[in-house]
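Per-chain numbering from 1; labels A, B and C assigned in written order.
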């Protein structure tokens, strides 16, 4: 039998082209994401201040960071904000989705209304809510003009309540998205299961509590993961709505990192706070992504 | 009640239904209210806002605030309005969206149809990059842009958005192409088509919907970005979001709320338009970016 | 050495070998069917012939040339896929000529080849349509047209009929057979449907768990299956396998089976060498059509024996009536003529054609050669 060359040119070429084409993207991601992460981790162990410097200080930045009341405040704020933001968005989103799933007339109009804030920049959202919640010209002022003289709503100016205004604006922005996720989940449920449950005599309340909501587990998980990573990354909204104030009442780790790194010239501490943010997100995202990718195989 | 029209699987009584409708309508007011306020107050003279009711319709209709926000308001130090920054954003968004979409399409094609050992790990690395807190890359990015001489420029921002957009665009195309029959690629290979011919002749012509989804997602994300814009292009090269924030936060002079609102709507307009025109694809993008990895 | 030579070919994924030393030589003009249940390795083997999967060891040769490592498009093969794999964005005409275009054939020649093929397959009126506008049978024709237009050395078919409904499948089966008889091309055809394998092929390779269990003509495979797997996989309803003991009576080997009533049935073997198995257990294999009503028995057979047994279930199928009875400890299906009056629970006198009976070694499950 005549022998052909081991592997012909075309086969070899077709074997290499995909790898060559993939490599620029891969190089960009490896350098700009993972390389940068390593660099920032490294900086967090150095005495960098206004510029990166390479004097090794070990864990000093981290111990300083954890002693800073400013950092403690931003973590506490994040705790309050994340818990409220995630739970309220989930409840509102789920309620809207279940209600919309009842063959509602005008669903085609209502759904886009709930979802449009997701298309806006947080800066726009922040601006709108900033003036709407401003007691001088916004809601409080309007209520007074409408004759409700005793109405008071000055949370945005109040150190103890300002963080809740961030929650309101954030829920306004994202709850429609959560609604869309749950609605997709609801529409994916086999209608025969619903019919079977009804034939078994389940009331609507029990139908949702015992059958439907447990079936939405994947949507709950996705919503939780997405909302929690958005919460940890929240920066724009705070900047536009409150600027972190009044005082430090709405500082979050993201704003803390920015101000320590770029305005207070404490780059080492800024870097260490960024590392902690990354680790928190990684702890949530990596198991989730791992499970999703494994399913794919 | 067993009326024939009610074919849904869940039956609800009249009182429950009324409650549901009322709830849904009230909710829609909640979502519309901030935009209503922005819109109404952007066409009022300032005196009507400070002296009057924010919820009221304008007594005197004026487009002054819009004109001011666009071309004469004080943004930072210059009274340029938002116009130059709007164009900055356009100049940044168009190339960044184009490049990241092309790269994502190629990556998705390779990761599904030219699979090799370790490809899932590479995809995992790309995917995770979508979710990192960008604070972790700010410091080295600022350095690199400085070294490359791209600080404060639109090109720098294009680079940044391409890099951090690859993850999502790859995710979209990978998931889309995963459902694309591999037999078609094999048939084309037997027919003699090579890597790029298969991509151009077989894959791309069937990729319309996912291209739209990806372009919309990248456009919205990049247009709405604030952190990178504020970090790497705060001066005259700033994008629209940064300029809007500067306009609103500027402490000098009287607060021109009506101009702020007009500016906010201007900043929201492009993404809002996309949403209105192609909302279906926008939702698909949102879902694909969250529910399935 | 054949026209298509599969020479000691194996396939491994990592440490797992999924295809073990396959050795098949196909002559020019042959219609070879690879048949087996899913996961048996038949599609992997086909993909290796096509060049879509690497060969771990061994060689594949086409028309005298070793093609290991040769790009699929340079092997001079064409393939028809299970899903037809028609390019959705191209018209039928473009689909058919895409391969020629990729090989740099000039347009006038392409058009001529396309028209010839379209005429042959009677799809001329479809040339300007998109695949989405075609019915299943039409898509099937276009997919064949795309393969034919290349005028390849070997045609590869990967379960091409499994997406069609039952009636169309039979029609298309006939079409493929007609086409093969007209064009005398070399075909390798993968299917899990044993009827397709029997009707289409000149030779069949029955595959299971990565091994070629038997390679032979349809008649060889059907009448003298190499082992228990081949015996039960080929044929529908499947061959009956019964527990039997070999006993000698009047100097002849007989199979002794337990009847439905608990008695003993003695069925004489046609194979004399079964006497070597005297007093041993064997598995007796008899196809349903060899257990009939007395008038339906094969007149040419010299070894038809009568057997009284109780009927458990009757299944009238129109052309035949299938009757289940219990023999040798197993449910046994027999095939009666349609109008034989039978009903469940009755005793019935069957006629067993022992000429067609085969026996298997219960330990190795191989057929005992006779």
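Just so we're on the same page, a residue touches a chain if its C-beta (ideal position, glycine included) is under 8 Å from a C-beta of that chain, and two chains touch if they have at least 3 such contacts.
This is a predicted model, so every value here is computed, not measured.
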Labels of chains that are neighbours to subunit A and to subunit C: B
Most widely separated chain from subunit A, with each centre as the mean of CA atoms: C
Subunit B and subunit C: spacing of chain centres that average the CA atoms, whole Å: 57
Chain centre separation in whole Å, for subunit B relative to subunit A (CA means): 15
Numbers and ranges of subunit B residues touching at least 2 other chains: 189
Multi-chain contact sites of subunit C, meaning residues that touch two or more partners: 51, 71, 73-74
Subunit A residues counted as touching two or more neighbouring chains: 10, 14
List of subunit B residues in touch with subunit C within their complex: 181, 183-184, 186-193, 197, 201-202, 205-206
Subunit B-facing residues of subunit C, complex: 50-52, 71-74, 77-79, 81-83, 85-89, 98-99, 102-103, 146
Subunit C residues touching subunit A - in the complex, by the definition given at the top: 1, 5, 51, 59, 61, 64-71, 73-74
For the subunit A and subunit B complex, residues of the former touching the latter: 10, 13-14, 17-19, 21-22, 24-26, 28-30, 32-37, 39-40, 43, 52, 92, 95-96, 99-104, 110, 112-125, 127-132, 137-139, 141-142, 145-146, 172, 176-177, 180-181, 184, 191, 194-195, 198, 204, 207, 218-219, 222, 225-226, 229, 232-233, 235-236, 239-240, 243, 253-254, 257-258, 261-262, 267, 270-271, 273-275, 277-278, 281-282, 285-286, 288-290, 292-293, 296-297
Complex contact set, residues of subunit B against subunit A: 6, 8-12, 16-17, 20-21, 23-24, 27-28, 30-35, 37-38, 41, 49-50, 52-55, 103, 106-107, 110-111, 114, 116, 120, 122-129, 131-141, 143-144, 162-164, 166-167, 170, 178, 189, 194-196, 220, 223-224, 226-227, 230-231, 241, 244-245, 248-249, 257, 260-261, 263-265, 267-268, 271-272, 274-276, 279, 282-283, 286-287, 290-293
